[in-house]
Structure formats: C-alpha cells, structure tokens
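So that you can tell them apart, the chains are marked A, B, C and D in the order they are listed, and the count of residues begins at 1 in each.
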Amino acid sequence: MPVGDTPVRGWRSILFIAFMSLFVVLFVTFALLLIAADALYIDWASVLKVMRSGYIGHALWMSLWTSATTVVLSVIFAIPMGYVLSRYRFPGHIIADSIVDLPIVFPPLVVGLTLLVFFTQTPIGRWIERSGIEFVFQPKGIVLCQFVVAASFAIRAAKSTFDEVDRRLENVALTLGCTQWGSFRRVSLPLARNGIIAGAILTWARAFGLFGPLMIFVGSFRGRTEVLSTTIYLEQSVGHIEEALAVALLLVAIALFCLITIRLVGGRSVRL
Amino acid sequence: MIRAENITFRAGAFKLQRACLDVRRGEYFVLLGPPGSGKTLFLEALCGLRRLDTGRFFIDGREVTALEPRDRFVGYVPQDYALFTHLTVEGNIRFGLKAQGIDWEEATRRVDEVADQLGIRHLLQRRIPGLSGGERQRVALARALVVRPKVLLLDEPVSALDESTREAICGELRRVHKQFEVATIHVSHHLEEAFSVADRAGLLRNGVFQQIGTLAELLQKPVNTFVAGFMRCQNILSARVVDRHDTAAGVTVAVGRLRFDLPDAPRGDVQMVIRPERIRLLRKEQDRPTGSICFPAGIRNVTDRGVYLRIELDASFPLVAHLSPESAAELPLHPGTDLTIAIRPECVHFIGC
Amino acid sequence: MPVGDTPVRGWRSILFIAFMSLFVVLFVTFALLLIAADALYIDWASVLKVMRSGYIGHALWMSLWTSATTVVLSVIFAIPMGYVLSRYRFPGHIIADSIVDLPIVFPPLVVGLTLLVFFTQTPIGRWIERSGIEFVFQPKGIVLCQFVVAASFAIRAAKSTFDEVDRRLENVALTLGCTQWGSFRRVSLPLARNGIIAGAILTWARAFGLFGPLMIFVGSFRGRTEVLSTTIYLEQSVGHIEEALAVALLLVAIALFCLITIRLVGGRSVRL
Amino acid sequence: MIRAENITFRAGAFKLQRACLDVRRGEYFVLLGPPGSGKTLFLEALCGLRRLDTGRFFIDGREVTALEPRDRFVGYVPQDYALFTHLTVEGNIRFGLKAQGIDWEEATRRVDEVADQLGIRHLLQRRIPGLSGGERQRVALARALVVRPKVLLLDEPVSALDESTREAICGELRRVHKQFEVATIHVSHHLEEAFSVADRAGLLRNGVFQQIGTLAELLQKPVNTFVAGFMRCQNILSARVVDRHDTAAGVTVAVGRLRFDLPDAPRGDVQMVIRPERIRLLRKEQDRPTGSICFPAGIRNVTDRGVYLRIELDASFPLVAHLSPESAAELPLHPGTDLTIAIRPECVHFIGC
C-alpha cells in the first residue's frame, strides 16, 4: 500500500485532515516542551559533580552490567522460545503463550513482590537462598528482577519475527539437505535477526529503566544494589533535583541511543 | 522413477485421498487442477514435508515414505520460488552444497557450471530483491538442480511471470528437463502452460485424481464431465443409444431431435463430448464428406476471439464450434444462416469409455 | 502459512525440537512456581482486612478512575494521531513518530522527574500550576503521569492497525460518495476497532501498574494520591508483606482480566 | 462519455505520460498492458484518487479534473474487489446509498433490485469472508452499480478467479454492461479475456498508450513490434522493398532469400507482421490458390497444443503457423517434410502503416 497517493481534495477533506493533525501537533508540542524544560534546567555543574561521584559511577556500572546480562539471558531464552511458540502447536501452547504475555500487562511492582515472596517465604526459594545463590537484596537479584519483567519483550519480538519468516524457506532448506537445526541456523535465524535485535533493545530499555520492583526485591543500598533509576529517586527524595536530573540525563542519553540504533539497524523492518 | 501408492493424508479441512501416480524416468509430468485441489499438498508430501496417514512413496525404486526431506534427493521449487533473501544469488545456489558438506572448490565448480547452463553467471553476485521474475525462477531452478536431485518438483513455476514471458520460460523448462535428464513434476492450473511442456498429465480435484494420461487423451477422451470441462470442452451433450445393429454399422444414437450412426457406444443414456475445434462447417450446397456425421445447423451467434472464431450453433441442441480465421473466410457466417456440420466419428467421445 | 504441517522427522530433528522446547519448559515452570508461591502465601484474613480498609478502598478507587481517564484521553489522542501517522507523510513525520516511540523506551521514572521539573521550574509550568489547574502532588497529576508514560502504546497500536487497513477500501468509499471523514468513520475506524481496543488495554495495564514516576511527581499521601501500586510499596516497606500481597492480588486479578479480554475481543487479530 | 486529455502524473518512480483516451457512451473498453504499465494508476486517476500534474478528465461531458472522487459518479471495482469485511453483503451494497443520504426504504428497494439483477439475493445476509471469488465479484459489482454511476471502472475483475469460471464471468460482465447501459473500462493483462468482452481496447506500456482501436485492429494492424508481440504474433519479419512497379502489381518485397509481389508497402527497410493462424499450409502437389502469396517451406518442428498445432517452418526465414486439428488431419506433418505456404496479401501487415 503505497503511501503518498493523494486523492483530489475539497475544503471539507482539508478541514478533516487539519482537525486530525491538531492532535499530533498538541502531543508533539507538549513532548517538546517537556524535553525543552529538561534541557534548560540542566545544571552542568551538577552533571559534572554527579559524573565524578563514586556512588553514581558505581550505580552506572551496576545498571550497565545488570541490564547487559539481562539482555543476554533474555535473548538466549527468546530465540528458542520464540521459534517453538511460532512453529509448533503443542498441548499447553496457549498457556505458554499467555505466560509470556503476563509480564507485559502485569504491574512490574507485583513481579518484585512475587520474587520476594518466592525467595523468602517458600521452601524452594529459601533452599535456593541458603544454597549460596542469594538473590534478595543482592546484585544478582537485580538481574533476576529485570529478566522476569523484561524478557517477555524479547520473546514476543522473536516469536513475531519467526512468524513472518516464510515456512517454505525452511522447507526448501530441508529438501536441499539441511537438518531441522541446519535450516533453523542457516535460514530462519539470519532472517529473524532484525526482529531479535529490536526485541533485545526493547528488553534493554525496560531493564535499564526498571525501578519499582527493584525497590522491593533488592532495595536501594548505596554502593551495593543501587542502579541509576534508584539514584534518581534517592537524589530527588532528598531534594537534589539538579543531581536527579543529571542522572536522568544519563538514562535519557542511553535511551536515545537505543532508539536510534533500532531505527538504523532495522529500518522499517524492525517494529517496536 | 516416482511412484505414489494410495497416498492419503489430511491438512486442515482438506484431504488427499488414495492418490496413485507413476512418473517414468525422464518424463515431464504436469499435475493439473483448479486452485485448492491439493496439487501443492501432493508435492509437499512427496518432498517429505507432510506426514502421510497411509500410502507409500518411491523415488528411483527406493521407498522414501519414512525418510526425512533431506534424504530424498528431490529438487523442490515452491511457488514464488522461496529464495533466501538474506543471501546473494551465489549463496542461494551454493546453499544445498554447503548443507551436504561438499568442499568449497568442488561447490564453486558446480555452482559455476549450473549458472552457465541456466545463463545466470552474470547474476551470481547480485542480491535477490532486485531480480526480475524470470531471473528469480532461474535462480530457484539452479538452487534445486545443483545438488543433482533425482526428481524435480516445480510448484506453479511460471504463474508469477507475466504472460508474454511464460511461453519462453516454459520452453526453457523443457530444455532444462532434457539437459539434466531428471523426472519432473510440474504443478499448474493453466492449460496452455501444460500443453507447452507436458509429456503426460494428471488432473486433481478435491484431493482425488480424476484422470492421468497424455494431454491428447485428457482432451479427446475425458473420463468425466469435470475433466471435459477443465479441458474447456463446451460441447457435453446428453445422448441415448436408441438402436443397436448387428451389422458393422454399429449403433444409432439420438441427441436432441437428431439421430445418427456410430461404430460403437455404451448402452442407454450417455454423455457425449465433441471438441469445438473438431467440428467442421460447410456451406449447405457443399458436398458432404464421406465417413463423417453430417447434419444441418443454424448459426446463433459469432464472436471473434482473434485467433479463432467462436460460433454458437443450433442443431436442435446447442453446439459450439471454433473456427480458424482462414476457414471462416470461406463461409457465410451471419446469425440465422444455415450450414452443414461435419464431424468425423472418431471425434465423438462417450464419457466412461 | 498454515501451522501444523509436520515434515517427516528423524531422531535428530526430534532432538532439536526437544532442546528448543527445554527453554519453554524452564521459563514456564519458573513462572508457574512464582504464581504458585503467591497463591500459597496468600493469607485470606489479610485479604479481607485489606478489602475492608478505607485507605485501600480509596487507593483502589483512585487507581480505577485515574487509569480509566488516562485510557479515554489516550484513545482520544490515539485515533487521530494513529490515523495521521499511518496515512500521511508530512515534514516532521519522522520526528512525530520518534516522539511517540520515546516513552516506550524511556525509563518511566525520568518521565516523572521531567514533569516535576516542568511544573516546578519552568515559567509555563508554574503559570499553569498557579492558574488553578494544579498537577504536582495532586490526583490530576496521576492522570498526567500515566498519560505521558502510557499513551504511546495506544497511539502505536492505532497506527499499526490503520497501517493494516487496506487503503483501497477507503478509496472505494470515496468513490461511493463518502467524504474523507465519512470513509474514516464508516470504513477505517470499524476495521481498526480491535487494534484500538488492544492498544487501550495495554495502555490501561501500563497506567494501572504505574509506580516510579508517581512516587516522584505526586508522592504517596495516604488517602490523597495513593494508588494500589503505591500501597503495595508502602505496606511492604513497613514489613506488611501479607497486606502488600493482598493488594497485589487485586492488581493481578485486574491484569488477568485485561489479558483475557484482549484474547476474547481480538482473537488472533489483536496483537499485544 | 469518458474523455482523457493529455493526462500526466507521477507515482513514485512511475510516470503516466500524456495519456489521451475517448470511451463512447455504452462502449466496453478494455485497457490492456503488461503488469506495471500504469493501467491501475490510470483508473485511479480517473476516479480522482490521484492528483494530476497536467491534463483534464471529462465524464459525460462535464470536466471532473478538480472534483473529489465522490462527485464524479464513477463505479469503481478495484482489484481483488476491496469489499468491506466488517459489513454483510447487504451492508456492502447499501454503503454508497447510505453515504449519499438516500432514505432507508428507497435504498432497500434499490439494493434488492440490483441483487436480483446480479443473482445474489440469497447472499444478502451473508458475511464477506465465506464468499467464493465469483460471489465476491458480483457483490463488488452490485456495490458499484447500485449508486447508478455514469461509468464503470473494473480493475482486473476476473484475475482473482480460476480459469474455468473466467469465461462465464466475462460473459456476465458483458450482460451487466448492456443491462445497465454504462460506459465501462475494464483493466486486464490477459488477451483472451479482452477478446471475450471488448468493443475496443487500448494497450499501455510504461505509462504510454501504444495503440487504441478494435481488437481486430490491434491483432492485424499493430503499430509497432511491442503491440504485435503483446498480441502474440510470432512472425515479425524484417523485409525490404526491392522494386516498385508502375503497374497494378505494386511492389516487390524481399524477406530472407524470398521475393514476392504485394499491392503496396512503405519504402526501404520495413517490418512485416503475419499472424500464425493466417498462414495456410498445402501439400506440395496441391493447386496453389490464386491471389495468395505462395512459397515452399520445410517443417522444422510440430507441437500439439491441443486446440491447435504449432508448426515451426523454415522458408529461408523462420515462420510459425497455427493449424486447427481438422486442417492438420489432411496434411503430412513430419519434421523435414516440404509444404507450400499460402498467405493472402491482406494478411500481411507492415508496421507503421
């Protein structure tokens, strides 16, 4: 459906388009105002101070490695899960599919609480905690939180790109001598690459900006489980709005980087 | 070469039923049928892409029913070619060789060879998206042929091309078929296309083979009215055998108010098929050719179809004749004119014979 | 591409599928464990107590009306914006499109902070606050926060369903005597209905579970700006895990309701 | 009825250039062309769905260039019909009447009327997804016709149908055209289809009209080799006029090593078109018909196309003839046999005349 074919229009049509466009103008103006407010209010001295602060450096490092780990884990799960959910129908398919959807509509805070309950109140959880792999109030817990909240985005993205890979391509690969694994690795996976990347970036953005569940599951201990989002809250709650904004700037810079990467990598073929 | 015995399976609401087929070594077989008749499903099952409920497949004398697709050595070109868009033309052709673990030099040699044979050497470094329909088709053929399959399965290989190039590509398919000496099944719903390539053909309808034979057989001796209709025979007439002679004269057949003698016919009420291009028209005063069935008829309507004239006749029953423009030039073809119709007895076919 | 056509498979193929399915089993098992943990740990006495608590009743009411308002506002913006972004190309189209995407990849916390900065630090924001329409630390602020964070989901969903409505249907409507408004109202809008509903539900889920930005922009004042997600945090932070879980149960019930509604309304045509 | 004057506009990389067209009241016009030649774009522009760069459209004597689609009163049936899937069949047909504010009773009357005329009364309460191709087509026609348009624009109306029903649906289109007395433009890339419906036709190529006329004109007097090729004429020969007589004998033309006289021809090097079905073949010993151009030729190849035989000949230049099976029955058709070719002079056409 080519865009840009313009029918002959009278004044009523033009009025209609103008009315519809009004909402775009309103929304975009408001968003630009907000961005401008942030930009104007940035106090570069605070930014420098924040940059040099050891605590915040640690929080940045924590944010980066936890979210990176989450993305890697998510992709490891997303590729086979997306493929299986896309290609095969099995008993319980709809249950698996719904469980993947759950974290997308679930309040993230509930995920944090659920994890807390699981690891502190159930025998299995307590056994895991006691066996030395501690999660509660630990950096590892950050990854777990992020994974549970954000992996669904990677899985869903993988599933829908595998849905779009024509099955006949795999069929041809099978007749040409490939095993199922071969046709997956040499045909479906390369063709689904962009979608998987888009899913990974969405997962990263979600993991990177996570806040609520972390407050519940790992807390916000300076220098231990503090990530950038917790920092913003902590700084702001003691009245350091300039510092909070400076940290937010970091987050935003990274979010923008994500968005641009998606557009560059995927062009139109990558859907958020 | 390819043998299908009682193939039965379901795919959704569709069912392929007890399909039997024999394609001989070096034969070019066309699988005909209207859309949704199960042609593609049959091909996929032969490739091993669908599991059978019952029945057995043999390729080159070996039973392949339980083998995975990769062990059947079939060259499969699905509809719209299903080229790998993430690879170059060369990558597409090389794909099967790589999957079979053939070493790089040997693979390169074979890729170049098949590319030369199909005249796509200059395309090897191109990407798929920029190729034309005909080029894609050649690349898909090369990809299938380079692994030296025992049979070649083409699913609607020319339906994505525009009409003016179809004829040429069909000629090329025949050439490739001869050159690579590979038994071929070509799926199509297009009659003209079938005529331009087929040694033999089979007609599917709702998952059941209706008739298998040469196209001439399907054309002149259809086993039922569906086959006759699919082969675009407009004259399917209800007839009745009214008299059976002991002499050589055979039988007397009644159609409408008309009666004529034929060498033989089945008993009772029958359906009779006469191809429109087999009907000769003569001026009333012309001599009637001996040995032909002749009877008078009036012209009801004439339409010029360019390459032939379609003439609707009334001979106490409706009849359609196709005339070449050259034969038409000698006749007075106005609605209302009375003519003589001449049909050779061997051009009259009874369904079920 | 029909699912369910099963090629003939040897043991290697079956092994491959088994390996891939392993990840599904792992993920689903873990998710089910978490759900089971919640279910087992629920203390029905606390649930009853929570249900009867006036504060929590107020929080529930706040959650419901703010999120409902947000959804209505979002849909009002989503329909024209989705349509304009899908059908017309105009200078700045890519900017508008990117701005719609921003809140999806942005950390929500930053949205809260940005709003706070805008309304407390910029002249325009302060003028709005002074003119009587207060947002900061006000219930109205909850709606604003939710709208900024969640409206993008509705807009994007509307855009992609309008993308899928064949333009030729509108063209036919135009030739049959419709104005542009008529062809929009009588053809495109009914055909995009399911997608818009799915977008609205996603928006609602997001708004309903929002937590971080609310903590910054409106705070968590019992009986005034407290919503269910804030309640969970507050209860949990003073050690009332049972009560927090009981509230979470409410949230989850509503989230599940959303998910089921999407499936029922949209069938396969609605994509999350 | 429909008049296009110098229509020019761009759509992406494509450009429609200075298209002129005149379709008369009650005429059935077929717009031919290979895929991508701009047929659909032309139709859309006529509907007002694309803005022109230059040029003017007239419908029924009124200029419509600046009018919105809804003020042009065209009945538009796009490819694949674009039915409203959220409405029933009745809702689809009623749509235009509702949009034009016609009251409910009157609308019901007209919906019923048109449904009766197209034989889809029994479908009115059905939903779109369950309908067959032919049913969809009728619904789309009814939806376009119920608002009593001044012209009917059909974009590939039968290409979504399978071959066996095309013929019948084309017949119905003609019937509808007659019944509703509405000037019709029918877009197609299929020659047979055009022959079964067209009063006149135009052939587009890359946004430029090549030739407009009756199909017989396009067939027998193509203005260039593209038209000849599109009309599937295989015999496009390079010829040269070698001698010009003052007498009635006209000119002598050389093709290959052959020379023969014709009443007239253009000067110098020319291209000559002879339709394969216009070539008569005679046994060597047969009498040569007077007035025809006769020369010997050898058979190179014979292929049975069922409804005709395609015969490749060598007469010092390659020539293709199509023979009806009945004419072929009288000839010795083996490769290598020598025959006599007879062509009536009026069947020889020079390109550019």
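In this section, a residue touches a chain if its C-beta (ideal position, glycine included) is under 8 Å from a C-beta of that chain, and two chains touch if they have at least 3 such contacts.
These figures come from a predicted structure and were not determined experimentally.
Participant: Which chains are shared contacts of chain C and chain D?
Facilitator: A, B
Participant: Roughly how many whole angstrom separate the Cα centroids of chain B and chain D?
Facilitator: From the centre of chain B to the centre of chain D is 25 Å.
Participant: Report the inter-centroid distance (CA atoms only) between chain A and chain B in whole Å.
Facilitator: 55
Participant: Note the residues in chain B that touch 2 or more other chains, in rising order.
Facilitator: 44, 48-49, 68-69
Participant: Can you list the residues of chain C that touch 2 or more other chains?
Facilitator: 4-5, 7, 9, 13, 166, 168, 171, 174, 179
Participant: Once you've mapped the touching chain pairs, tell me: line, ring, star, complete or other?
Facilitator: Basically all the chains touch each other, so complete.
Participant: So in the complex, the part of chain B that touches chain A is made up of which residues?
Facilitator: Spelled out, the residues of chain B in touch with chain A are 44, 47-49, 68-70, 72, 74-76, 78-79, 82, 84-86, 95-96, 98-100, 143-144, 147.
Participant: Taking the touch rule as given, give the residues of chain B at its contact with chain C in the complex, in rising order.
Facilitator: Interface residues on the chain B side: 11-12, 44, 48-51, 65-69.
Participant: Inside the complex, what are the residues of chain C that reach chain D?
Facilitator: 166, 168-169, 171-179, 182, 186-187, 190-191, 193
Participant: Which positions of chain A touch chain D when the two form their complex?
Facilitator: 2, 4-10, 13
Participant: For the complex, give me every residue of chain D touching chain B.
Facilitator: Answer in residue numbers: 34-35, 162-164, 167, 189-192, 195-196, 215-216, 219, 229-232, 275, 277-278, 280, 303-308, 322-327, 329, 344.
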